[in-house]
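All remarks here apply to the structure that follows.
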Amino acid sequence: MLFLLSLVQFLYVLVLSPLAIGILKRIEERLESRHGPSIFQEYFNLYKYFKKQSIYPQTASAFFSYVPYIVFALISFLTLVLPIITAFPLIFGPVVDFVGGGLVFGAASTLSKLAAIDSRNNYSILGASRASSIGIFTEPIILLIFIMFGVISGTNNPYIINNVLQTSHHWYYSLVHLFIALAFFFVLIIETSQLPIESETPNELGSIDSLMSLEYSGRELALMKWASYMKSFLLMNVFLNVYTFPFFVPMQYNPLSIAIYMFVNFLKICGLLIILAFINATISKYRLFKIFDYIAVAFSFALVAFVVFYTTNIGR
Amino acid sequence: MIYYLPGLFSMLGALFSFALLRKKERLVSVISSLLSLISAIYLMFCSNFSNNLLYVDNLSKIFTLMIAIVYVGVVVFSIEYITNLKDKFLKVYQYFSLLHIFSAALFFSVTLNNLGLIWVCIEATTFSSALLVAVENDSIAQEAAWRYIIIVSVGLVISLISTLFLYAYANTLSINALIKEKPTGSMFLLGALLSIVGYGTKAGVFPMNTWLPDTHGKAPAPVSAIFSAILLPVSLYPIIRIFQIYQNPKLEFFAFSLGFLTVASASLIAGSQKLYKRLFAYSSIENMGMALVGISLGSWGLFGAIILIFAHALAKSGVFMITGNILHHFKTKKIEDIKGLYKTMPKSALFLLFGSLAVTGAPPSATFFGELLILSKTIQTYGYIAGFCLIFFVGMGFLFINLKVIDMVFSGISAPKKIIESNFVYIPILNIAFSVLFLVAIPFLYEFLKGIIQ
Amino acid sequence: MEKEIFILVGFLEIVMAIFMQWQVYVASNITTFKYQSWILGIFLLAFGFIDKDVPMVILALLTIITRAIFIPKYLLNTINKYLFRARENKHRISTSLSVLVSVLLAIFSYILSIVILSNVGSSLISIPLTLMLQGAFLIVSRSNAYAQMIGYLVMENAMFLMGFIFTSLPFIVEAGVIMDILGIVMIGGILMKIRDEDIKQEEELLG
C-alpha cells in the first residue's frame, strides 16, 4: 500500500510541478496587467523540447550528456522521501533524513555545475561560479535551520518535525519557529531563483541558474527544466508542510483524506505562489554583490532563532 | 528660593536675550550673569539645604561659585569676541541665549537632589551647547559639533542605564536618601561602574574622550573656556556623589585605573600636538584624569581633586580665552606659526605662560597643591610604583605643554609689530590671577568642606 | 503572558535593528525606526492600561507622540529638502559583515547576561542589552549622520525596554529623558542638514 502511495506522490510532483510554475508566471503577468501565457504553457514547452533533436558541444565530454538523466533521477528520488501528501513515512521514507535530503540536493546541483563547466561555454561557467559562490553561503543557513529543528524535535526526520509542529502549539507559536520559518523563506527564494536574487528574463546579465543549462537542447534540456521545476515544487512543499503550515497533512493512512489532501496541498502551494508573485512584482533585482547582504540577513535570522531559544529558556 | 537663584537668573537671561530684549542681548547677558555670581556668593553663606528637589551642601556651593565665576568671565569676554567673529553660524542673541541655557543647566546639575534629574540636566547641557561649538561656520566645526553630540549622547545613555540600575536596586534616586541608606550589593556596584564610564565620557575620561580635543579645538574661545573649565568638572560631580554614597574597593580601583589611563594617554598624546587649542584640550583631559584619581581615592585625595578642579577651572578658562585672542590676531592655530608672542602681545603672552604653568601644576599654583595631595594619597593607597608612574606622566604633560607654550611665547625675535590688545584681555588675566591666588583660600576651603571629606 | 509579549516585542525590535543595518536608504531606516517606536509605545500603553498605571500610560503616549510621530517626521522633513542625503554612499564596514556582527552582538549580550548579570534577574535582560549594542554598532559602522542619530534613538528605545524589566524610572525623570531626546534630535537635525559626510583627513581633527 505504501508503495502505491509512493508512486502516487511521485506522479503528483511530476505532473503538478510544471503547472505550479505556469501558475506563478501567469499571476506575475496578470499583476503587470498583461495577459500572459496559459498556465499549461510549461507542459507545451516540455513537449516541444522532447520532440527536438539534441545537440552537444564538440568540446563537451560524454559526462555532459549523462548529467540531465542523473539529476532528474536524484530529484525524483527526493519526491519519495519528503512529506508531501502524507505526514507518515512512505516506503522510502526511512532512507534519508533532512541532512541526507540536503546532500542529495547538493549532489544534483554539483553535477549540473560540473556539466556546465564541461560544456566549455563561457556563460555557463559564469553561471556555475555564481551559483556555487551563493551556494557556499546558503548551505550554512540550511544546516543551521536543520540543527535548530533537530533541537526542537530531537530528530532530523521531516515527518517527525511535521508531527511535532502539527500537534504542539507550544512549538508552533514560539518565536524560534517564527525565525526559522523566516530564514527558510529567504533560502526558498534563493533556491527557487525568485526575484530579489534572480530574474528569468533571457537578456538579464545577472542570471545565475538559467545560465548553467545554456548548452543543453532537446530531451536533455527538457529533463533539466523539469528537474528544476520539481526541485522548486519540492522546496515549496517542504516549506509549507514542514516549516510554516503543517496542518491538515494526514498523519494516519486513510485513502480518502489523502485524496482530499492532495487538493488541499495544491491550494496551499497556490497561496504561496501568490505571495511569491507579489514579491516578484514589487521587488527589483539585487546587484550580484548585494545578494550576499541578503544571505547575511537570512543567516542572521537563523542565528537569532538560536538566541531566542536560549534567552527564553523554552527548552528548559 | 535662594538656592534656585543662580540657575534662575541665567534662565531669565536666556529668556530676555532670546525674546524680550533682543537688541540689548549683551547688556542683559552681563547683568544676568553678574546676578548669578552675586547669588552664588551669597549662597556660600547660606546654610545647607535639602528637600525633594534640591540637595545643597558645601560641595554644591563650591561648584556653583566656580560655575558662576567662569560664567561671568565667559559672558563678558564673549561680547567682544563674538562681535569680531566673521560668518557666524548663530546670531549674537542666539549665541547668548544658548550660553545662558547651558549655564542654567550646569547650575541645576550641581544642586539637584535626584541622580536622574542630574542626568537630565547634564544631557541638557549637551544639546544646548552643541550649536555653540559650530559657531565658526565651516565643515570642520560642524563635524566637531556632530562628534560632540553623538559621542557624548551615547556615553550618557550608559550613565542612564547606570541610573536605572541604581534605582532598581535602591528604589530611590534621591542623593539625600541614598547617603543615609548606604546601599551595598553587586547591582549597585554595576550601576556605579557604568556611571563612571558614562559621565566620564562627558568629563573626558579615557575610553570615550575622543570628542574632546576636536570640540575644544574648534569651538570659539569662550565656548572652549566654559567647556573645559566647568562642563568637564560638572560631569564629574555625579561621580563624586556616587563615591559619597557607595564605597567599594573594586569601584575605587576601577575609577583609579580609568583616571590613571586618562592621565597617561593625554600627557603622551599632548606631545604630538601641532595646534595650541588641541594642546590645551589634552591638558584638560589630563587634569580631569587627575581629578578622577583624586575622587577615587577619597579623603584628602578628594580634597585635592576639588582644589584641582577649582583652580583648573579658573586658569584654564583664562588660557582658552587668551588662545582666542591669539587666534584672532594671527589667524592660525598652529604652534609653529606663532613666534615671539612676547613682543607682539605682551599681556596675553605673559599670562598665557602663567596660565599654562598653572594648569599643568607648576609649584606655587593651587593646582600644584591639588596634585600633590592626590599623588601623596596615591602613594599611600597604591604604593610607590603607581605613585611614581603617575608623577612621571604628570611631569611629561607638564614638559610637553610648557615647552610648546614657551616656544610660542619667547622664540623668534624677527622684529614683530606690536598689536594693541583690547581691554577685554583683562578678563583672562583676572581669571588666571585668581587661580594662583586661590592658594590662599585652601585652608578656608578645608574648613568649608569638612563634612564631605571624611 | 507578560513575559511572552515582552519577548515578542523585544525580538521584533532586534530584527528591525538588523534591518536597519541592512538598509542603504536613510529614509527607510527612519521608517523602520518609526515602526520600532510604535511597537514599543503600544506595548507600554497596553501594559499601562492592564496594570492601571497612569504614569506608564502617560509615558507611553509621550513615547508615541515624540518618537513614533514627531521625530521620524522631523527627520524625514530634513531629508526631503536635501535629497542627496537620502542614500548613504559608503559604509565603513561592508553590509553583510555588519549584519552578522549585529547578530553576534545578540549572542554576546546573552553570554554577558549569563556570566555577569546572572544575579540581576532573568536572562531576558539580554534583549534590551542586544538592542543597545546594536544601536551603538549602528553608530560605529555608519558615517552618515542620520544613521548615527537613528542608532542613538535605538539605544534610547532599548533604555525604555530595559526600564520595563526593572522598575522604570520615576515619572519626572522619564519625562525629562524624553524632553532631552527631543532636544538632541532637534539640535542634531540642524547639524545633520549641513554636515559634510565625506570629510577629508583634516589636521584640525587629528591626534
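Order of writing sets the labels: A, B and C. Residues in every chain begin at 1.
FYI, a contact is a pair of C-beta atoms (placed from the backbone, for glycine too) under 8 Å apart; a residue touches a chain by one contact, two chains touch by 3 or more.
Worth saying up front: this structure is predicted, and the values here are computed from it rather than measured.
The chains that touch both chain B and chain C are none; no such chain exists. Relative to the centroid of every protein C-alpha atom shown, the closest chain centre, again from C-alpha atoms, is found for C.
Set against the Cα centre of chain C, the chain with the most distant centre is A.
Computed from the mean C-alpha positions, the centre of chain B lies at a distance of 30 Å from the centre of chain C. Mean C-alpha position of chain A lies 65 Å from that of chain B. For this pair, chain A with chain C, the centres built from the Cα atoms lie 37 Å apart.
Looking at the complex, you find that chain B touches chain C at residues 114, 116-117, 119-120, 123-124, 126-128, 130-131, 134, 139-140, 142-146, 149-150, 153-154, 157, 160-161, 163-165, 167-168, 171, 173, 186-187, 190, 213-214, 217-218, 269, 272-275, 278, 333.
Here chain A touches chain C in the complex through residues 175, 179, 290, 292-293, 295-297, 299-301, 303-304, 306-308, 310-313, going by the rule given at the top.
Across the complex, chain C meets chain B through its residues 116-117, 119-120, 132, 136, 139, 145, 148-149, 152, 155-156, 159, 162-163, 166-167, 169-170, 172-173, 176-177, 179-180, 183-184, 186-188, 190-192, 194-196, 199, 202-205, 207. By the touch rule above, chain C contacts chain A in their complex via residues 7-8, 11, 14-15, 18-19, 22, 95-97, 99-100, 102-104, 106-107, 110, 123-124, 126-127, 130.
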